[in-house]
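Per-chain numbering from 1; labels A, B and C assigned in written order.
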Amino acid sequence: MAPGLKDIIESLIFVSLEPLPLEKIKETLSDHPPAEVEQALQELLQSTVSAERGITIIQSGGGYVFTTRPEFDPWVRRFLKIDRKSKLSSASLETLSIVAYHQPITLSEISALRNVDSSYTIKTLLEKKLVKITGRKKSPGNPLIYRTTERFLAYFGLNSLDELPTEEEIAKILGEDKTVEQAPKP
Amino acid sequence: MAPGLKDIIESLIFVSLEPLPLEKIKETLSDHPPAEVEQALQELLQSTVSAERGITIIQSGGGYVFTTRPEFDPWVRRFLKIDRKSKLSSASLETLSIVAYHQPITLSEISALRNVDSSYTIKTLLEKKLVKITGRKKSPGNPLIYRTTERFLAYFGLNSLDELPTEEEIAKILGEDKTVEQAPKP
Amino acid sequence: METSESYQVRLEVFEGPLDLLLFLIRKKRIDIHNIPIAVITREYLDYLGREEQINLDREAEFVLMAALLIHIKSQLLLPREQPLTEGEDPRRFLVDQLVEFQKIKAACSILKEREEEQLSLWTREVLPPLPELGEVDLVEVSLFDLAETFFVLMKRKEAENFRVVRGKNYSLEEKMKEIIATLEKESVLDFLEYFNRQENLEEAIVSFFSLLELIKARLVMAVQERLFQTIKVWLRRESKARQ
């Protein structure tokens, strides 16, 4: 492996504000064999994670990005004078999951699944760039269709839509609910 | 020294929007004796510098800040260029939207609409194959006329230009909030 | 209409009718595939009466669901010659909807945990100044600064007493394109150095006016790190000039 390749990759990940995909690293380091780049990246990740320092590199949103380690959250918040990062409202989360699992989807389909008019929520999600309009459906009225964005993935620390909770995970949660509820039965 | 103090400081320097002055570190870590904080900072600096990795901490502008090591500048620059190239600038997006909605259109018509000479942005869009030249206008000077491409449609998930969002649709998505906000105004 | 306040303040209320129905089904330990419509309708209407538990912005939707429940109940009460087959069950549509919604809610609870984890990780909001590319404390220069620099330069050029080559026409438009192309390639251009590269005075003057045009059109930005230092020219990232 070329000396310093690992360090070059570290500097690239550092200057990228968004998660840096492997492809872009390879493109930038096109004068090195892709396999070498990949190996250097792996070494970098290993050494960064095992160093257990204040900052680390995580894989999220289909790329690599520097973040602080979770245990330092209280100090970071104290320093930035931020009480709490605002979370998505349950309406937003619900709408977002529907888009994630049913994409491409139209607004009226979302509203039908929730049984609730979702135009305001979808607007909020558009503004947060967690969903995007990607075209129109071939159906009467040609309604706009929505999909989740890269930012959506990064927001939940997912690398692709394949990493969304699976049927089994969902079934497990539903099953647990049942056992809890059935517990008091004689 | 409290364990992890060094790592806490590292995370603070990392998230700080500006070079982080020692005073501010002490302020955030006020439950630790200032001398300990200073010692931890020194240790952090030493270990970061001696690690000779891709990123390092320097003292600049009255505080401490993470930067990439200067010897990686050539790669960082190469990366930033690639990164920038793959994104549409807001100027390009503006020009593209004008072509999309006003096609067929000439360069001088675009420039007139944007109040800006758009020859450079149209060139970028031609390179990205999002617009194409489709002939000349039968008017003085016979200027070239531009249209969007098939790739443009694919990029935005459209089947035809008729499917571009209409003014009313955009107003409906984005405007509703405005009326709510403007309502209380005198 | 959902409003941001309504769901921030009332986190524990039922966002929509399906929320409430699911809650009742669980509370009563009802099999979602075989809902006793009469019981659930009564419970539902009960909750609707206690307004504080529902999101009032959604009142119409809650009422609509009540109407649907009553309609289903009436259908089930209709005397029939033959028992209903599964496909004809008037509850079918509602059950399908509830089953799907229940899955979404479960997925939400998993995503909520992931959100929590991610929120404790902090990334940077801005890039630190990058070496060389860094725009630390740059000041935008006025046309006056630019002109002053230019004339100082011209004097120097004259002193060099170089031969003026005639015969080539330098157009403003070509020059503007050339400057932009150079900036595209090199990202930053040193004003003095660029002028020194020009073949002759005429070309230098055309270059100067091209630069003025580009600045006027807000396509490029001229900056000076400190007064009386060389001026650097950058492409404006967002070259728009809105009125």
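Just so it is clear, a residue touches a chain if its C-beta (ideal position, glycine included) is under 8 Å from a C-beta of that chain, and two chains touch if they have at least 3 such contacts.
Every value quoted in this text rests on a predicted model; they were computed, and no experiment measured them.
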_Most centrally placed chain, judged by C-alpha centres_ = C
*Reference chain C; chain at largest CA-centroid distance*: A
*Centre to centre, by mean C-alpha position, how many angstrom separate chain B and chain C?*
11
*Between chain A and chain C, what's the gap in Å when you average each chain's C-alpha atoms?*
15
*asked:* Based only on mean CA positions, could you tell me how far chain A sits from chain B in angstrom?
replied: 19
*Contacts with 2+ other chains: residues of chain C*: 1, 3, 122, 124, 126, 130
*Using the touch rule from the top of the page, what residues of chain B touch 2 or more other chains?*
11, 14-15, 66, 68, 76, 80, 176
_Taking the touch rule as given, give the residues of chain C at its contact with chain B in the complex, in rising order._
1, 3, 122, 124-126, 128-133, 136, 176-177, 180, 187, 217-219, 237-243
*Which of the residues in chain A come into contact with chain C in the complex?*
15, 17, 58, 60, 65-70, 73, 76, 85, 87-91, 93-94, 96-98, 100-101, 113-121, 124, 155-158, 164-165, 169-170, 173-174, 177, 181-182, 185
*Would you tell me which residues of chain B are touching chain A in their complex?*
4, 6-16, 24, 28-29, 52-55, 66, 68-69, 71-72, 75-76, 78-80, 82-83, 156-159, 163, 165, 169, 172-174, 176-177
*Quick one: in the complex, what on chain B touches chain C?*
11, 14-15, 17, 61, 65-68, 70, 73, 76-77, 80-81, 89-91, 94, 114-117, 119-121, 176, 180
*Using the touch rule from the top, collect the residues of chain C that touch chain A in their complex.*
1-4, 7-8, 11, 15-18, 26, 29, 58, 61, 65, 97, 100-112, 114-124, 126-127, 130
